[in-house]
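Below: one structure, written as structure tokens.
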Amino acid sequence: MSRSLRPLFATAVIFAIAYALSVLQFPSMFSTRVLGNFLTDNAFLGIAAVGMTFVILSGGIDLSVGAVIGFTGVLVAVLISWAGFHPLAAFAVALVVGAAFGGAMGLAIHFLQVPSFIVTLAGMFLARGGASVITQDSIPINHEFYGWISDLIIRLPGGGRLSFIGLLMIAVFIIGALVAHRTKFGSYVYALGGNPVSASLMGVPVARTTVAIYMLSSLLATVAGIVFSLYTSAGYPLAAVGVELDAISAVVIGGTLLTGGYGFVLGTFVGVMLLGLVQTYIIFDGTLSSWWTKIVIGVLLFLFIVLQRLIFAASSSGDRAPEKG
Amino acid sequence: MIRRTLRGLANPQLLALLGVLLINWALFPGFFRITWQDGRLFGSLIDVLNRGAPVAILAIGMAGVIATKGVDLSVGAVMAVAGAVAATLVVAGYPAPIAVAAALSVGLICGLWNGFLVAVLDIQPIVATLVLMVAGRGIAQLITEGFIVTFNDPVLIFIGTGSFLGLPMAAVIALVLMVLVTLLYRRTAVGLFVEAVGINRAAASLSGIRSRMLLMMVYGLSGLCAAVAGIIVAGDIRGADANNAGLWLELDAILAVVIGGTSLLGGRFSVPLAVVGAFIIQAMNTGILVSGFRPEFNLIVKAGMIFLILLIQSPLASRLAPVRLRPVKQAVPK
Amino acid sequence: MADAGSYALEARKIVKIFGNHIALDTIDFGLRAGEVHALLGENGAGKSTLIKILTGAYQPTTGQVLVDGTPVTLDNPQHAQKYGIGTVYQEVNLLPNRSVAENLFLGHQPTRFGLVDRRRMERDSRAVLQRYGLDIDPASELGAHSVAVQQIVAIARAVELSGKVLILDEPTASLDRNEVERLFEIVRDLKQQGLAIVFITHFLDQVFAIADRVTILRNGKLIETRALDDLTRTDVVRLMLGKDIAFSGATGVEDARPLGEVLLDFKNYGKKRSVHPFNLTIHKGEVVGVAGLLGSGRTEMARIMFGADAADEGTVTIEGKPTTIARPTDAIAHGFGFLPEDRKIEGIFGDLSVRENIIIALQGKLGWFSRLNRDEQLEIAGRFGEAMDIRAASLDMPVKLLSGGNQQKVILSRWLATDPAFLILDEPTRGIDVGAHAEIVRTINRLRDEGMALVVISSELDEVVAYSSRIVVMRDRELVAELSGENINPGVIVQAIANHREGAPA
Amino acid sequence: QDISGKVIGFSQIGSESGWRAAETSVTRQEAEARGVDLKFADAQQKQENQIKAIRGFIAQGVDAILLAPVVATGWEDVLAEAQEAEIPVVLLDRGIEAPEDLYLTAVMSDQVLEGRVAGEWLVEAVGDEECNVVELQGTVGSSPAINRKQGFEEAIAGHDNITITQSQTGDFTRSKGKEVMEAFLKSTNGGEDICAVYAHNDDMAVGAIQAIKDAGLKPGTDIKVVSIDAVPDIFTAIAAGEANATVELTPNMAGPAFDALAAYWADGTEPEKFIITESKLYTAEDDPEGEYERRKDLGY
């Protein structure tokens, strides 16, 4: 197996084992209902995490994701409920705004040579602040289009449901994987993450690629925001606080190196499902107090990371160790 | 020598701090007014020092971590843990020095744990410290059992709200810590080694630098600083608020270090400038409070300020401006 | 001068200023179709900088670049690629995290339905690499291959991209003779097809073997552009250095010098899956040369000796005392020093100053608390900087701004500053100009005479022969022969490298 | 009415404040007293986690669900799922914007009323004097912040002698409350111009009291302090004369909820749609020491 495939494999194995153990303890976790919920409940996180994967592959980070989701929700809700837009028109506006926002961050990162961490932190403040300037309340969306979408459900035997947004997430993952692994743009992203100087000398259009990466991330965050608004039929400025950390965790658990250059979009999918599994397990358990919930999530995170390292180390002994920063 | 000091003062961080203070002054004319009251100085400027101290202290620890190409996301949670430990111990009747020592030790242990994950298990710093960021707040709540543990211990309260020579104790602690840590880095070879490890860990190992020990130390120091900040914050409100103490302060601390000219890619770093960065952030916050902005605009104002500061520091600006605005000074002796 | 119209690529009155350092001072440089043009000069003369301007990686401060007589602005390397200019930059500048095939075709991947056609890309890669005699899996990660393989991939990429001009900045620094020969065949072939080729190297033999014209730079100034036919080697060296030097090539060894006492004794020392156990005794005051093909495991042996990779079998004794060397700090405590092969990845601290780069190993030895103060650092750095003739505008400038050769001298100085008893040098003269080359060879001789023990890995047989008291030969990660006295000559070494299962002929 | 043995899921917002922790522990106590098997899920302040928790409860097949919603909107789909699975849902402490048939009942306080009670107390306390009030808001955008602000403003409307001169968010925390109050004191002539502080919760009020003391003024006398929640620490302050009034928000929302469920299961009694808890005002006259003792072990 190619060296870079191993973390992906490791994560998938860990997920399978963890899921099997959970099912042993709570047999009802093995049901189409729970599996369907995995997709629906994590749809917005998954979509945002695809964008985050590209950013991290290129060696950057995007902290604005959660705020963009919140902002999009508010924007869409305002356009539909206050300004009377058709939802599809509102989505189009939101996507344009999101892309422009990401593009602006990309421009700042490239031309001001400021680390992405800081630029996107400012972006997070801006988007969150912008949303709460528009409104402080949560705005409900009562449009028949929303009802229609939420009725688009494939019912599975056993009470499970495949929702539109769950399937949308899967589609985004498949397209994301194709873009990352099978297009020139994808190879440029990996090139930037590997070594930006080499990439530039090899003729990678660094400025264009950087802008495109952050544009893509914000665009997908906007899609995630739209999905979130479909999920809750509302826009709320405080929605999705801290989702960027979940997205980063999912990407990293999925085997992508935060230093850039190595990783897989599909790994992120497994990462998202793993996070979902942990939460579902805790809900099924139902005895943990607030603080034990946090501690258990931390401990599980730690166990996953260590396990992954162990599998990675065991399978890669004999190679030269990859250089670490 | 004097010329060097003067040039040091003309660095972008201090200019930015001055700029923010002047803007505050324009928005609120009483900003620079300082009075003497009850044996202490009193005024908005003093508030900036006092309120900025916890982030400044975090930044002191964070600077070294970032210089090694790492980052410590757990400091906010460690603050909560340290505060919780100190508060529960004094409430349980232990004398304050023991409570403080215990809190500091817990902070140190948290830091060393992070260091262990990063240096020995080779886990990427963001993820390694994310573990404690998530779990740490839970541990703090476990200690306080969700209560805000209120105390009346005079020593802890003095650490949080007392004053020394008229200055708030928190600011005094921050400044003393800054001097000590700067001496640690610059009067010994540790600072150079930290930079070397951050720039090229492989080469550092081949040059005989014990990078593991160094990383453990740097993260340990960060944990220790977080504990100090946690005790101060608890002392300030006379209670340990495990839910909210230090919440999101890790982002402010990282921001402070970056405003202070240290690259997130590791390498050259400056503790004093990171502290200046922390006070820039606090001056912004205080400015928003005294100027009477609607709270909805807080975040937007903050984003705008960050952007301005970054613009001043960017290479683009240094090409236009006559002063060479480079983050960390490049001495050119002849 | 030929008329300007006939130049495929031309630079006119190029000036490049970094900060307050003039790297290029009004350079004119013209390149004709169908010629191989050697660009020569000492370390730091400005060769790489000129190349970067010709390929859009840097923008000239003033001056013009012309393609086929038309002025152009090259914004970036991609732009240059559009004009058919392919480049191998100094130091391997590829992507170790991507596959060999992708490194060959990045930016020009064959596509089908808008998606990269991987199968075709890998098939094409295989065909391309075949021409260089390289049979590796195009889907494998580039970083898994040796520096030499990476270098060949870089060359192959540049050749593929060059419709008009091919620029090679020290492409042969990490290649062995056969590989150089194969590269030259390809270059001659491309020349036949009418490409203009720029070739930068510090090996004069190679210049005379392949170049038609030379341009010589010194300290950022243009000294001469001339047809090579009119020039002798001495002329070239004189033009480069601006003075005559005694060519210190094969001085030969004073034979039969009495060996010093034994310093180190490696017994059955080795590491599984890396280097077969070897026996090696090293005396004070001798240079042990290590010869072998690329990838024969020389670097690995050096790393094990230094503790950079821990040995898992065998013993080592230092001055008769059994010791363990599990990590570099152990080795350094015993007075070892190690100049790594890849200075960019394992050697320099790019953002630290020249001064700090020189004193860092000494400081590491002194520990955290006995800090050398600034004046001491300047004194030490200044002393070695002068002794090694390091060309830097200031000892406080970041070392990454120095030219490659000067960086190498900085790292050597770093170890000399620790006053070592035993030095391991892995390819110390790679990418170094004639002057510095002689300087380093002289330093090696001097250190030996002062009683230091050295192990020197080099692919330059003439050079190894010149300073070694003894030569060990590696093949397939195994120490296969030890040569001394009469047998230290290139012929015997080549035979030992080539031989199968046969030890030293003496 | 015995509901012992029933499995009830409780989706709590988080543990962001002392009051919230008290609500959690009171809910646990009430469940234990009734022999209910309580499945607790902490959502860490995120609506998406609450939705996941409810879906998880449905998948597990619990008998009923308690939901303390983090925000008013966005519950329709998931509550419809619960309804489909025939699991009754009871809302705690806040209402939601959804058709009323989606939940059995909502046990909650009237947050606007809380603000109004606080405002009315102040109107009474100052009489005709000029009074400049500074307001410490809760987290920007949170529903208690919005409603308590609204209620207070309603109460002082028409009393031109009372004006809110400054208003900033203290994020419901002590330390931010203190920091914001410090800044207010500076920008209002050292506090001379402030007559009262209105804090959206007691924690911020406790922080503000410390800031007032640090500025050399007497909280409760020089500057009146009124706030909401009635957590134990505010009673200590009231007893010491440092705070003037607080409006109670009871942490026992679960008790009435369990009672309603019990009646519903017993004979299908539909409870009232909104069970509003009392918003009682406490001042120095209401035995603050006693109130403190009564509350201090509730888990605030």
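Observations, loosely collected:
In this document, chain identifiers A, B, C and D correspond to the written order of the chains, with residue numbering beginning at 1 in each.
Definition applied: a residue touches a chain if its C-beta (ideal position, glycine included) is under 8 Å from a C-beta of that chain, and two chains touch if they have at least 3 such contacts.
These numbers were taken from a predicted model, which means no experiment stands behind them.
Between A-D and A-C, more contacting C-beta pairs join the chains of A-D. Summarising the inter-chain layout, the chain whose CA centre lies farthest from the centre of chain C is D.
Distance between chain C and chain D, defined via averaged C-alpha coordinates, is recorded as 71 Å. As a whole-number value, the distance joining the C-alpha centres of chain A and chain D reads 34 Å. With each centre defined as the average position of its C-alpha atoms, the distance from chain B to chain C rounds to 44 Å.
Annotation for chain D: residues 15, 21, 24, 140 touch two or more other chains. Residue positions of chain C touching 2 or more other chains: 345. In chain A, the residues that reach two or more other chains under the touch definition are 132, 136, 289-291, 293-294, 323. Interfaces, counted as pairs of touching chains, are A-B, A-C, A-D, B-C, B-D. Residues 9, 12, 14-15, 21, 24, 38-42, 44-49, 51-53, 55-61, 71-77, 85, 97, 139-143, 145-146 of chain D are the ones that touch chain A when the two sit in their complex. Those residues of chain B whose C-beta lies close enough to touch chain D in the complex are 28, 30, 35, 37-38, 42-44, 47, 51, 141, 145-148, 150, 161, 233, 236-239, 241, 243-245, 247, 286, 289-292, 294-296, 298.
Across the complex, chain C is touched by residues 187-190, 192-193, 195-196, 199-200, 202-210, 267-268, 330-334 of chain B. The touching residues of chain A, when paired with chain D in their complex, are 26, 28-29, 31, 33-34, 37, 40-41, 44-45, 132, 136-140, 150, 159, 228, 231-234, 236-242, 276, 279-280, 282-284, 286-291, 293-294. Chain D makes touch with chain B in their complex at residues 15-18, 21, 24-25, 137, 140, 166-169, 171-176, 178-180, 182-184, 186-187, 190, 203, 206-207, 210, 214-216, 233, 299-300.
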